[in-house]
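Following are the structures in question.
After this come two complexes, each holding chain A, first together with chain B and then together with chain C.
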Partner chain A sequence: MVSLWKPLAELSSLLCFYSGLRPRVAPVRENSTDQTAQRREGRVHLYASLYFCAGLEEQDNELLALEVLHRYVELLDKYFGNVCELDIIFNFEKAYFILDEFLMGGEILETSKVAVGVVMEEADTLQETMEEYMSKPAY
Partner chain B sequence: MRLNSGATASPRFFHKPLGYVSVTLRLRDDSSHFLASLRLRMPAPIRLRELIRTIRTARTQAEEREMIQKECAAIRSSFREEDNTYRCRNVAKLLYMHMLGYPAHFGQLECLKLIASQKFTDKRIGYLGAMLLLDERQDVHLLMTNCIKNDLNHSTQYVQGLALCTLGCMGSSEMCRDLAGEVEKLLKTSNSYLRKKAALCAVHVIRKVPELMEMFLPATKNLLSEKNHGVLHTSVVLLTEMCERSPDMLAHFRKNEKLVPQLVRILKNLIMSGYSPEHDVSGISDPFLQVRILRLLRILGKSDDDSSEAMNDILAQVATNTETSKNVGNAILYETVLTIMDIKSESGLRVLAINILGRFLLNNDKNIRYVALTSLLKTVQTDHNAVQRHRSTIVDCLKDLDVSIKRRAMELSFALVNGNNIRGMMKELLYFLDSCDPEFKADCASGVFLAAEKYAPSKRWHIDTIMRVLTTAGSYVRDDSVPNLIQLITNSVEMHAYTVQRLYKALLDDISQQPLVQVASWCIGEYGDLLVSGQCEEEEPIQVTEDEVLDVLEGLLVSNLSTPVTRGYALTAIMKLSTRFSSVNRIKKVVSIYGSSIDVELQQRAVEYNALFKKYDHMRPALLERMPIMEKTATNGPTEIVQTNGETEPSAVEPKHPPPVTQPTNQANDLLDLLGGNDVVPVIQTTMPTKPASAGGELLDLLGDLSLSGGSAPAPAPSVPTSQPSFLLDGLSSQPLFNDIAAAGIPPMTAYNKNGLKIDFTFERANPNPNIAVITIHASNSTEAEMTDFVFQAAVPKTFQLQLLSPSSNVVPALNQGTVTQVIRVLNPQKQQLRMRIKLTYTHKGSPVQDLAEVNNFPPQSWQ
Partner chain C sequence: MPAVSKGDGMRGLAVFISDIRNCKSKEAEVKRINKELANIRSKFKGDKALDGYSKKKYVCKLLFIFLLGHDIDFGHMEAVNLLSSNKYTEKQIGYLFISVLVNSNSDLIRLINNGIKNDLASRNPTFMNLALHCIANVGSREMAEAFASEIPRILVAGDTMDSVKQSAALCLLRLNRTSPDLVPMGEWTARVVHLLNDQHLGVVTAATSLITTLAQKSPDDFKTSISLAVARLSRIVTSASIDLQDYTYYFVAAPWLSVKLLRLLQCYPPPEDAALRSRLTECLETILNKAQEPPKSKKVQHSNAKNAVLFEAISLIIHHDSEPTLLVRACNQLGQFLQHRETNLRYLALESMCTLASSEFSHEAVKTHIETVINALKTERDVSVRQRAVDLLYAMCDRSNAKQIVAEMLSYLETADYSIREEIVLKVAILAEKYAVDYTWYVDTILNLIRIAGDYVSEEVWYRVIQIVINRDDVQGYAAKTVFEALQAPACHENLVKVGGYILGEFGNLIAGDSRSSPLVQFNLLHSKFHLCSVPTRALLLSAYIKFINLFPEVKATIQEVLRSDSQLRNADVELQQRAVEYLRLSCIASTDILATVLEEMPPFPERESSILAKLKRKKGPGNLPDIDDARRNVNGNTEHTEKTETTNKSSFSLVADLLPINRPRPASSSPIMLSAGTMGSTPSFTDLLNLNSTPTAGASLLVDVFSDSSTLASVEVSDENFPRFVCKNNGVIFENQLLQIGLKSEYRQNLGRMYVFYGNKTSTQFLSFSSSVTCSDTLKNHILSTSHLIVPSQLLHFSCGAQVQQILNIECVSDFTDAPVLNVQFRYGGTLQNIAVKLPVMLNKFFQPTEMTSQDFFQRWKQLGAPQQEVQKIFKAKHPMDTDVTKAKILGFGVALLDRVDPNAENFVGAGVIHSKNTQVGCLLRL
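What follows is the complex of A and B.
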């Protein structure tokens, strides 16, 4: 899997500069060398000015993968409100958090559009204010 | 929660740089005073969004690198100071820089410290950092295990969620082993948020450590009775993973848990239920769950009749009721088709599935066409007839613009070719070959050759097709096609004249395509006499003179376009024409010129051919005569033609003969056993010499340092199929075989005449050694039925030595329509009276016949 990303990363260095985000929505973020990994396809999907790469296994449904990408963009849109490129550039960690509520280990975690939004809201409220942050112990 | 894009969105603490410093100044401790003074000197690390903004202003790569290096240095010193406050901010910045492609390994330990922190903000960034920067190859990752364990038991579900997520994305096998128990506990919780995460985490654990699968079995009992779609979906994924990995689990779920009815029920509810805004995608309710269930059904139904039966209805329902206007509907249909093809479905359902794929092929969306072609390729072997119905659509896809679609359409087209549609399909495929990209041409050419070989309706069509491929894609054909084609041409005896004429015409047009040129020059070498004599029946014969042919071949030798291999072919072809054409002097000249060629191969050939002209001129006709029909071995693999085709062996000068017919050797021994006599000498079988040059040596050894005479040279009588007895005679008539006149008039004799089988002997003397008698037997059959599997064996007294060469055929045609000939060489040094015992075996009218006879009536001249 790692080897798949490296050449793609080279390709997209220009894009990084442009959109500020290394364009990958990786359903499988695993970087380990999985000995049992089956044949994986890499696909580059153009979505407005975002580029998605998805690694698929042989038994995966390619058409559904397109739906997964679409659903993710919808979730981003709902969270940021009319999402644009800059949202993702400046809030990349949020993009990752949303991804982590939608997918895990390469599989879909939550199929409800509403649920992910609710979870993100609640988790955001848990993020401490300055006073709370300073008063809580580090370890 | 609506967030504005830009700087204000983040957690508020990011906003506080210098203001913080004033707070610490109020503390009176020595240490904090010291710390405060430190901080006065160093400004607070810049905010994340500040950094992003700055980096984006860089106009060149070098500028960006500089900024990042500066920031990295600041971050590193901040890490060294063990600064708890800004660690989160620094790691976030580091993650951004890591995403841009810069090294960030020094932040790994910091991530671990963040994870251990009590603050949610820290944990969130810490876990994200762990997932991005760490993997099981780094030793550091194991330090996380304890933190994750604690967080899995945290009071806040979102912290537990973070821990599960990290473990489920990048947990190594050691971590999974340690924490599997915790995950299993969470799988049984009533909290659906945690349950679904635990399910996917369990999937990861099973993938990493398959032995732990059993542990999760009890927890799966009630998973499917959940209402929450998230839990349902992840449960189906978990069950799929278990069933895929363990056949025992699969059997268990089929029988004990009765999974299939449960899944069918859930799927039915999904389809029948009304609109649910939460899960709706373009009018379809939760397509992700539907597809996952279909996939699990596929695994459960595979090779299992009962399960397949139970899901037939729901599959039919999904296949017919799903909306196909949007991609999501097609995704579900695609999965349904895959499931139908894999389980033991009834034929009606399978036809439905293939029709769906056929409809996909007509879709405008490239992705759907691609997916359809891939699936059809998988099913074409099993449901050949159903796929045939869509042949025209598939052939249309050959004209598509997309490369991957073209490739799949080509593969599928070749799979669909059969005896009925060969003509039409070949037309389309040849048109495709003309117009396709070079990357396809090699595969397409090989495919065309294979298909033509299997299903050619006539020899002429076959040769025409090959010609077409050679002329359009000649430089792309595979290397082994040249010998295959040569063999094919040799074996289509009646097409020789037509073939050589067409190839000659093609050569006149274009000499750049090497495979074409090689095949053409080989054919001209072999059948040049047919070309010049204008014997073509199939089409208008062209008028070609010998000089014109030699011009063309010499042209090949000097052309820059010819490769060394091609030049070798051309030279040998010219040489062969020396026995077929009359302009021998010209050929001699050409050959002698190349005797000093720089190319070693050409030089060697020319020198050896020169020797043929000078010292061994008597051997020349025999060595350069027509190639016999070659034995076919495998269609795909390297055939024996490679060794029999003289062109490919650098050391062989003369054309080689096919491998020896091994039959006679065994049977000679049988004969010996049978006759048992002590005065009978074993027959020495040297039939087809594989290297005539060394065979000459063998014969020489045998017969004691003799030179072969051209006239009575052993005729390498090929094994000809019965349908072409005329070729036999043609072939034989080209060399003086029955040199009765030259043999100083030894009268022929009838050795055997019984039951319609007559065997005549004709004699020659092997000059100059009078001790060798060359006897040719002629077997003829006057009955109405032919004699098949005809074998002639002979044995002679001890004082003689006998050599039996291979027969022309083992079928004696009926009603004296032809004869089988075989050559016997007898060495008679003591000049004793020649006697022979012969044994004949053949099959006549279905029953085997065997006979023994003694031949004593040899004319005295044959042995005196």
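What follows is the complex of A and C.
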């Protein structure tokens, strides 16, 4: 875990969600059977400086797993407005919340971008106002 | 620091993260973190009660520190407190912290469960979702215990919001995976299936995931989902791309749902209902048609999503394996992908084609792509793709193209990646053996393998070539000549020396007529390699030398000289030293006749499944190996090599256990001591193991070799090898081969018995016309009644991969008997009719009723039974040390009551029981 999160703190963010496991930063086995993920190197910079990693079970559909990642990036984009690593570092909890709206226990919960977006908006309206925020102590 | 875009942020947290990022060194970072931890700790311990916001902020900081890779050992309580907050964000952070950090910490789990319970009962959908997420993310047993019955209720309740339904479905799925025993099936299961009809596609998607998992476990309960899934799928594939609005992903209609529905359908055989079946076929055709349409978007997301559905549809077509046209179309489609510029598609196409190759309908279609696949092997840049190409070549291989494929694999092996060499070696070895018409080709191929990739040739491979050469007279001379020539190379692999030593030791005489390979030349050639070899190889060579003495009396003196040298007689290795001493003595004192008998040529090995195949299966894991073994013709003699001369004393146990076909009759010809004459005396464990063959009840099950019975496949020879193991027990596996496993579970009460027979299909294809019957010999018929009926006859006719069906046999004992009934099983697999006959373990002792009696009673009765025909005494030597507990268990398993402290001699075991039959009851006493 340390080794994987470490580069995150320094250069980028990395979120792992294992199918069937809770979403969290987790070690990747070196002999990962996820062939598609191994061959995604060229695709990484597509998502700016974000690295993604997904553990798949044998019968999982690999192409669709790529699109799970893509859809997640879209959701992050939608929320943060062209997401970058800093967004995720400073709002890591939000990245988790968005993931939670999208996946649950490794399975797709909601594939509609609109539906997830609505939930996130709603959640934000439940938060304190900006005024409240500015009045909080910085430490 | 970027401006927080939306909602609230926690300034303190943002400042802290900035500080960490600004740290110049690792030490500075650790220092900053420790400072923060101290701060948080004092805040949590302080007298002043913290407000919700502060608590949230500090918990969030702890979480961040944890994610940086540091241990967090406090703050859990504060996180749990946040659960009871009314503020959404505070609750949310509390749940997040628990999801990421808490594992089954028993102190807290009750408090957490309490918080979850309140939120589930709150009827506030946002809170309910948070709680469900937490359960799904943690998924611990305690949570399953607390909520497994509550969640199904939420899922099927009419007034539950859609988003909560989705969460509840997936939460239940997660609990079902982690603690399946705690999730009760019930009336909700029927209602869950109807969620497939829900208007909300998100609900349908989540429900499909749940149903698929549940249906894999109990297919019968969810049969009704087939028609609903087909209907749903049909509506999706025929919809215009904009119909589904948000659920259209880059112009592909609901790809996730489609894939899940197709996967659900893979839990079942093709629908029996004709209309439904044709509707499904239409869907699949539509999906295949769409692949031919020009893409609606140039984006990779479009093609990925579209092809994801296509590949899943092809998986379903392969799973059904019943529509030749669809199979061939699928194959052609994959053929196009083989040359696609997307590596992912080429990879997946190769992978899917592997399974297509094993279907009789599409095997030929797959073969047409051989050139492309061979080309892929040579040109693909990615090793994982090349690996798939090797797999596919292996799967598409048959007699017509074996030579080409083996040649291509061999030439690829020279440059292959180290990581996949061993697997390729195994595959080449298997193909070469399986499709060898001409065994000289086989020998050449294996020697080439050793030459090209000697390090990757495992023991199994070279054992095998020796077995085959020994069993086939026609190839022995050629083999001797070829290994002799191969050994001429200045540097040859040790495995080649082993094969060469063995074969020349057995068949060197066949080429000794040629002066270029005279006995002395052969010996010198072998001995020139001797000093470069490891101990096991040297041991093998020594055995070859003693064989030479028998074959060629003219080199006897030379060899004796070698054996006599200090480097042999005083070798530091005890095995080598012993061999040298014993062989030398043997050669000196034994007459020619005795030598000829002791060193006789190896007898043929009994036939058995290639252990190479077993090794490959182990390597690839179950289910990964395309099943191309259907029409196996074991023309080759193929048993494991039982007498491995280099087997040393210490390692012999495990190795021999691996190699010996335990539980099978030994070939009658195995009496000569063969090559290992010198080691026999020093390997007690070896001889012990041989005896196991004759002690069937004695714990031999540990050593059962599951591959030992493949030769009964084609014959109808009654299999009774597992029979003796059922003397003392009622449950277990009575028969197993590559295709089928038959398990038994039996219960007996007085003169009645009931036997449950479980048939498990081990293959990835279904068995056709499966039937079974029980026959009794004529004499037996009068003594035993058995009736049988199948529990699920319709399913039995075609029962599919991984499936298990059950049959019940009722047995009544009319009077005493000695023979046993035979269970005949017939089915079609891959076009050939399989016949299996298994002796059922119905024995007289099964009808024992244990009887308790006192010591006095026992001996009184014992004395009454004085007549000669009433007593049987048998003295036998224990094959194993007597273990009291094991023996007790055996006697109990035998069916009698074990009477403690009855016999004056504590070492004796005493038992009593009554055999019940319809006509009589016979009391029976036993002393051991």
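In this section, the second predicted complex is superposed on the first by the 80 of 139 C-alpha atoms of A that agree within 3 Å, B and C clash if a C-alpha of one lies under 4 Å from a C-alpha of the other, contacts with A are read in each partner's own complex, and residues count from 1 in each chain.
One rule holds for everything that comes next: contacts are C-beta pairs under 8 Å (C-beta built on N, C-alpha and C of every residue); 3 or more make two chains touch, one makes a residue touch a chain.
A quick note: this is a predicted structure, and the numbers were derived from the prediction, not measured.
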Original post:
Touch check for A:Asp100: first (chain B), second (chain C), both, or neither?
Top reply: both
Subject >> Touching partner for A:Leu64 - first (chain B), second (chain C), both, neither >> reply: both
**OP:** State whether A:Gly81 touches chain B only (first), chain C only (second), both chains, or neither.
**Re:** both
Original post:
When the two structures are overlaid on chain A, which partner does A:Ala115 contact: first (chain B), second (chain C), both, or neither?
Top reply: both
**OP:** Figure out whether A:Asn91 sits in contact with chain B (first) or chain C (second), or with both, or with neither.
**Re:** both
Original post:
Both chain B and chain C touch chain A; at which residues?
Top reply: 9, 20, 22, 36, 59, 61-64, 66-67, 71, 79-81, 86-87, 89-93, 96-97, 100, 104-105, 107-115, 119, 122-124, 126-128, 130, 133, 136-139
Subject >> Residue ranges of chain A in contact with chain B within the complex >> reply: 9, 13, 16-17, 20-22, 29-34, 36, 59, 61-64, 66-68, 71, 79-81, 84, 86-87, 89-94, 96-97, 100, 104-105, 107-115, 119-124, 126-130, 133-134, 136-139
Subject >> chain A partner contacts - residues on chain C that touch it in the complex >> reply: 1-2, 4-12, 14-15, 17, 20-21, 39, 53, 60, 63-64, 67-69, 87-89, 92-93, 96, 99-100, 126, 132-133, 136-139, 163, 166-167, 170-171, 173-174, 177, 201-202, 205-206, 209, 245-247, 249, 254-257, 259, 263, 301, 304-305, 307-308, 311-312, 343-344, 347-348, 382, 384
Original post:
Along chain A, where are the residues that touch chain C in the complex?
Top reply: 1-2, 5-6, 8-9, 20, 22-25, 35-36, 38-39, 59, 61-64, 66-67, 70-71, 79-81, 86-87, 89-93, 96-97, 100, 104-115, 119, 122-124, 126-128, 130, 132-133, 136-139
Original post:
For the complex, which residues does chain B have touching chain A?
Top reply: 1-3, 5-7, 9-13, 15-16, 49, 52, 55-56, 64, 84-85, 92, 95-96, 99-101, 113, 116-122, 124-125, 128, 131-132, 135-137, 156, 158, 164-165, 168-170, 172, 193, 196-197, 200-201, 203-204, 207, 229-230, 233-234, 237, 277-279, 281, 286-289, 291-292, 295, 327-328, 330-331, 334-335, 338, 367-368, 370-371
